[in-house]
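Note that chain A is present in both complexes that follow, paired respectively with chain B and with chain C.
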Partner chain A sequence: MATSPTIATQGYTSTDPELAAIDASVRWPVMACFLTAVHWMVVGTFFLVYASSLAHPQDTFPILGLFVSLSDNFSMFTYGRIWPAAVDTLVYGWATTGGLGLAIWILARTCRTPVRSPATLMTAIVFWNLGIATGLIGIFLGDSNSVELLEFPAYAAWTLWLSYVLFAVWAVVTWLGRRPGHDHVAQSWLLVALFSFPWLFGGGSVLLDGKPLAGSGVIQELISAWYVHGLYTLWFAPLGLALLYYLIPKMSGLPIRYGTKTQAAFWTWIIFAPWTAVHDLVGGPFPAETVTTGLVLSGLIFLPVALIGMNLVGTAFAAEEKHGHHGGIVFPFLTLSAVCFVLAGIAEQILSIRSANELLRFTMFRECNFFLWLYGFFSFGLFGAIYYIVPRLLDFSWRSSALIRAHYYFSLYGILLVIAMVGFGSVVQGETLESPDPLVTITIADQNALNFHIASTVCISLIAIGSGIFALHLGWMLLNCINIRVRANRLASEILHEPYEPEGPAGASPAPGTAAAKKEVAA
Partner chain B sequence: MISPLTTRGFLLLIGGVFLFTWFGLVVLPWIYLGHLAPIQDEGSSDITPWDASGAAHQGEHIYAADGCVYCHTQQVRPANSGADIIRGWGTAKDESDDKAPPIIRRTYPRDYIWQGQVFLGNSREGADLSNVAERFTDAASLYRYLYDPYILNPHSSMPAYRFLFIERKISGLPSQDALALTGDDAPPAGYEIVPSDEARSLVAYLLSLKKNYHLPDEKGPVPAPPDKS
Partner chain C sequence: MKHHENPDLLPPEIVHTDALKPGAPDFVETPDIEPLSQDREPFPVWLYLICGFALFMTGSSFTGFEIFGQGLYDQGPGGPALASGSSTQTAEVTDPLVLGKKVYNNNCANCHHADGMGQPGTYPSLVNSPFVVGNKDRLAAILLQGLAGPLTVNGGTYGSAVMPAWKSSLTPDKIANVMTYIRASWGNKANSVTEDEVTKASAKFASHANAFTQAELLQIAPDGPDPSDKK
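Here is the complex of A and B:
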């Protein structure tokens, strides 16, 4: 299986020795984030396919009968536990853990300083993952409180929060030790993300996890909407945008198009985007002033979305044109991510229109939005980043360009089809639910939505196959990498007539004297 | 434009932007709604709305643990915003007077003041439950529906909740609240299926969900009842 020369050129570390040193300093924390994130992605995607298949229980897929009977008879497998488990695994286990890895890498690189105390980071990552595992067990055992995206029981939420604080201490120290004169627009986005997460997660957990505040009533739902949309617009969006603003120009060698608009895009996004929270409040028992103000402010989201689209999609398309072949094998992931950001922005814009909101309010459009944000925008950016970063950290290349291509096409068609299906299905479902005919019942709405649920399960399965290919590819690459490192060390020790002493697993970096021998074997 | 990487920009970011959203979305509504109290009836000690039983409050935890909120809402939007009233989700029988027209209305923040946890919900794969106790008036039919939704609605997409029930051997007389099941669902001879404690509190909670009272928050004319002909 020949290594494709288009994936990365020979010698996979950065050509800039300063960046190569920084990459080496963050190698283990970032790899730990990525590996555990990919693990949660596999688990979460499986749960998601499972939950999605339960939305059409009377269907006759071969394995569905088993799923349905498990969900009927065991509380663990009921839809109301599998679905939040799937969403939380993907949101916290996959996207946030991977996002932390990204944040570490981008922060270290843009601050131009090798990191201090990677052990602090490793501790944070270990406890972070323990928190997620505990939270999932809590959901399955029935400790969840069904607050959207805060389903993890309080004990798990606090583990996560404390791990994040540990990470944040590290981030602040790195930030203070930055080399001046290297300000990058990615840093602004990273700053917002890293400050928003503890603010949102701490606030949400204190106020909603555990015992509800007596008499708070519908305020709980306001806080919940603030949290959910805050997580999308102030955590995932800035993190993903930091990545795209950093990597798209770097990989394509082109400056950001309309670069003078990046600051305007930043401030308008930060001011308007969090108000998308009121999309969950229209028509509900809330003060009308809050909803109207929010709809006006979130209706202006088209400004930042258009500016960011001009910046990122413009640059990405220009790069694809310049380099041909979609700009390489990894680059299309970033293009797809940027395009999905614009699509997600358009979806939010649609929900800011009151009549459209009334139609789509309780339909599967919510899933469409979730898929756009989490899969379309964030995950594909993260996939692209992992493809780019891991060879630079391990000095080792991906094994097969065909597998990366396969992953890309499964993801591309999976996400486009799922958005088309769920988007169209939500209009059909909404038209039925909001029909002025009093004889229309919820059963008819369900019947109309049924085929779109089935289509959505099939499309999610496509994405799942793509993600599975990715996970296996990563595993293969790591095994190969370890294998070659071990063999190189053995060879080196034979050449030097020294007794061979195997190094620890995961190829602790080879001794300086073995570098030449290693190059021989790798070549 | 100020860069958020400068001190001034950073303060603007924290103060003007994060706190702006927090204040507008949460603090201001809280000032509006935080002090809501039930309405006291002049001339008697009745209050509206009234608190549900302890068993019903227990049921909130089951409702949360099994994730009912992912498919069911508990909010009725006003007649000018969506078709909730037309679907009949805001209809409740006025129990104070048999001849009175049914109460048809949206839900108001005051309806939720007694609930420990509020489940307004964001998805309607299932029906709205604001007035579910008006549609299911007795516990037995709710137990049967939870055990096997297809009995009442062959096209239901609701999962069955058999894990909330216990199959046990009849010793002596059969239990009073054993489920009356026929066909495939019927337990083997000599056995009966009875609701567990979780099922009992969940059903107590569901039976507490009805908005069969008027509130002073209601403004304007009461909308005409939907034509079911």
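Here is the complex of A and C:
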């Protein structure tokens, strides 16, 4: 659907004509990414609430008894399949697909090059989504791998990998063809992410599933930790940071504070952050020197976290001071995302202390970490970005500021409460587990932390409500947009086919004709 | 008047009072100015204090070790060559159940979970499993040399189950302790296992290069309690 001839612009496209042209060229690929991502988010969030409700007694919430009875009667609906389905849908379906859309938009804009072959991108996106759907079906049929975040069976995993490569080729071509003088700090973060993902995903799939190293479950544990933490630190973190580094100055009109430190932040992050993989290995059958070196190196992520925090949170707070907290409705999402990045960094820092790690490693704390990375940092950034980008692509407005604000407050209180509940709960659980009494098992530790589990389900539901509001709002906006475009096109064609009346006054002649046309359309 | 300026032409939906307006602060698009501030602003003092504290805590991971070496595994407090400080703490604990639980939580709980229930379809439950409460040699064989699926335990099938071999990463006394622990936990009531028995089993199965299959395990001994188990 091209821009309609009668309604040239509603004023939502970029004020810079060149950027507006670039936005128009990426409209279809980016919208396809965002829409499928939001669809997977709805599906994944439902699975997540479902899985979370199976983790505590069914009489807590009567309605959840339905889930429990499904789970008792069909192997397809058991926790062992629902949980990986939820996590994989959110990680690959929602966050990664949305991240790809974001990468297309930021890369095309910062390189100042319109997309050359949107068909390649669309093919990649279609196959990417087919891969996720196949993978989910595979998980529910019991085909899954028992490897964290690589549960998709091989046939789905390779579909994903190949369609990603198709996408990455486009990305590299765009970056190589960038207009000289248009380097942006967001580009370096994007490139790290775009190069890391195929390396991680391909390497993880081969070494853990396709051709496991023979004879040793120990090495597999190591590779699994490398993969999971690599995905967080070298894929989601750089993508989310690219978004924040691009959008915060764009939306606030303020340059990034401490801008001279961004390079140091970038390199220290690349060097130290992937070492957080070692957090999963403490106390395991690994050489003590490996684990200790890893702990110390991963502990040094306070350097990039502090620098990036000063860059992004510093700028975001300065912007909120300048415009007032409600100066923006969308901007607070970016502030929240930047703050959650720092919190996630602090959580990793805590896990890099050996005694804290020993206390927390088999507790809810890992869940807390997952929420901070995937929801707190990445998703809220992505929500903000989608709110900002979609009107520019469709030249159409979000329907209601109140809904956006409701989404923000549900997300804000949901994530803060999840962190508090899961954080305290994991300490209670860890203290019980550390008890030297052999009769104290993880079941007792779980029971001690039960109330925290229930509370965290409630908080996850808050986030889920917020996400639901967002998805409905997006749907409403699209329906209105399509409706109006279709009507405008019909109107335009009727005006075009109207007989020319030279007698009437020059300026007023179309108006009566169009009013008549409108009545015809309505009738 | 142009077509698109005529309010009559606009369908009612587009004039939505609560809709975000083009001029809203969120839709401001700052031109691509230099996105990075070049001011040499000093960092606040509290940031240096926090970073100093973080550096101190990070370095604390080095404490507790006197030497590092290839053979030193990271087994936490009570491990083989940890510094005297942490080993004296646990030196008095000799109960195999306590020691076995520690080994279990560090090495086995990842898959079999701390309640021994495993994961349906992937990791067999240890609760009331004939392999756990049955013949000791057979259980030792699984722990020492590993196990390759497919496997059927108590009616549940585990197609791709793979149990790694532990003989190179756990000492015989640790294997004995963890065997004792899983044979006496979660309702299991089989007798304990000594280090000696594990050493003997280790010698017996040393020639077996690969992981055991279920058929090979059933050749070692059929289901049923261990001969030494008088109950």
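Heads up, the rule we're going with is that the second predicted complex is superposed on the first by the 474 of 523 C-alpha atoms of A that agree within 3 Å, B and C clash if a C-alpha of one lies under 4 Å from a C-alpha of the other, contacts with A are read in each partner's own complex, and residues count from 1 in each chain.
Just so it is clear, contacts are C-beta pairs under 8 Å (C-beta built on N, C-alpha and C of every residue); 3 or more make two chains touch, one makes a residue touch a chain.
All figures in this text were calculated on a predicted structure; none of them were measured in a lab.
Asker: Could you tell me whether chain B and chain C fit or clash when both sit on chain A in the superposition?
Answerer: clash
Asker: By the touch definition at the top of the document, which applies to A:Asn448: first (chain B), second (chain C), both, or neither?
Answerer: In the superposed model, A:Asn448 contacts neither chain B nor chain C.
Asker: Going by the contact rule set out at the top, does A:Phe286 touch chain B (first), chain C (second), both, or neither?
Answerer: both
Asker: Which holds for A:Ile270: it touches chain B only (first), chain C only (second), both, or neither?
Answerer: Only chain B; A:Ile270 stays clear of chain C.
Asker: Of the partners chain B and chain C, which touch A:Ser25 in the superposed model: first, second, both, neither?
Answerer: neither
Asker: State whether A:Trp398 touches chain B only (first), chain C only (second), both chains, or neither.
Answerer: In the superposed model, A:Trp398 contacts chain C only, not chain B.
Asker: For A:Thr78, using the defined touch cut-off, is the partner it touches chain B, chain C, both, or neither? Pick first, second, both or neither.
Answerer: both
Asker: Scan A:Leu491 for contacts with chain B and chain C and give back first, second, both or neither.
Answerer: Only chain C is touched by A:Leu491; chain B is not.
Asker: Once the shared chain is lined up, is A:Thr120 touching chain B (first), chain C (second), both, or neither of them?
Answerer: neither
Asker: With the touch criterion stated at the top, can you tell me which chain A residues are shared between the chain B interface and the chain C interface?
Answerer: 75, 78, 80, 142, 146, 215-218, 220-221, 282-287, 290, 354, 358, 362, 433, 436, 438, 441-443, 445
Asker: Which of the residues in chain B come into contact with chain A in the complex?
Answerer: 1-5, 10, 13-14, 17-18, 20-22, 24-26, 28-30, 32-34, 36, 63-71, 73, 75, 77-78, 81-84, 86-88, 106-109, 111-113, 115-127, 153, 155-157, 159-164, 226-228
Asker: In the complex, go through chain A and note every residue touching chain B.
Answerer: So the residues of chain A in touch with chain B come to 54-58, 68, 71-75, 78-81, 83-84, 142-146, 148, 183, 187-188, 191-192, 195-196, 199, 203, 211-212, 214-223, 225-226, 230, 234, 263-264, 266-267, 270-271, 274-275, 277-278, 280, 282-287, 290, 293-294, 354, 358, 361-364, 366, 433-443, 445-447, 449-450.
Asker: If we count contacts the way the header does, which residues on chain C are in touch with chain A in the complex?
Answerer: 1, 3-4, 6, 8-9, 11, 13-14, 16, 18-22, 24-41, 43, 47, 50-51, 54-55, 57-62, 64-65, 68-70, 72-77, 79, 81, 93, 95, 97-98, 101, 105-107, 109-111, 113-115, 119-123, 146, 160, 162-166, 169-170, 181, 185-186, 210-211
Asker: If we count contacts the way the header does, which residues on chain A are in touch with chain C in the complex?
Answerer: So the residues of chain A touching chain C come out as 6-8, 10-12, 14-16, 19, 75, 78, 80, 142, 146, 182, 184-185, 215-218, 220-221, 245-246, 249-260, 262, 281-292, 295-296, 299-300, 302-303, 306, 310, 323, 327-331, 349, 352-354, 358, 362, 387-388, 391, 397-402, 404, 433, 436, 438, 441-443, 445, 480, 483-484, 487, 491-492, 495, 507-508, 510-511, 514-515, 518.
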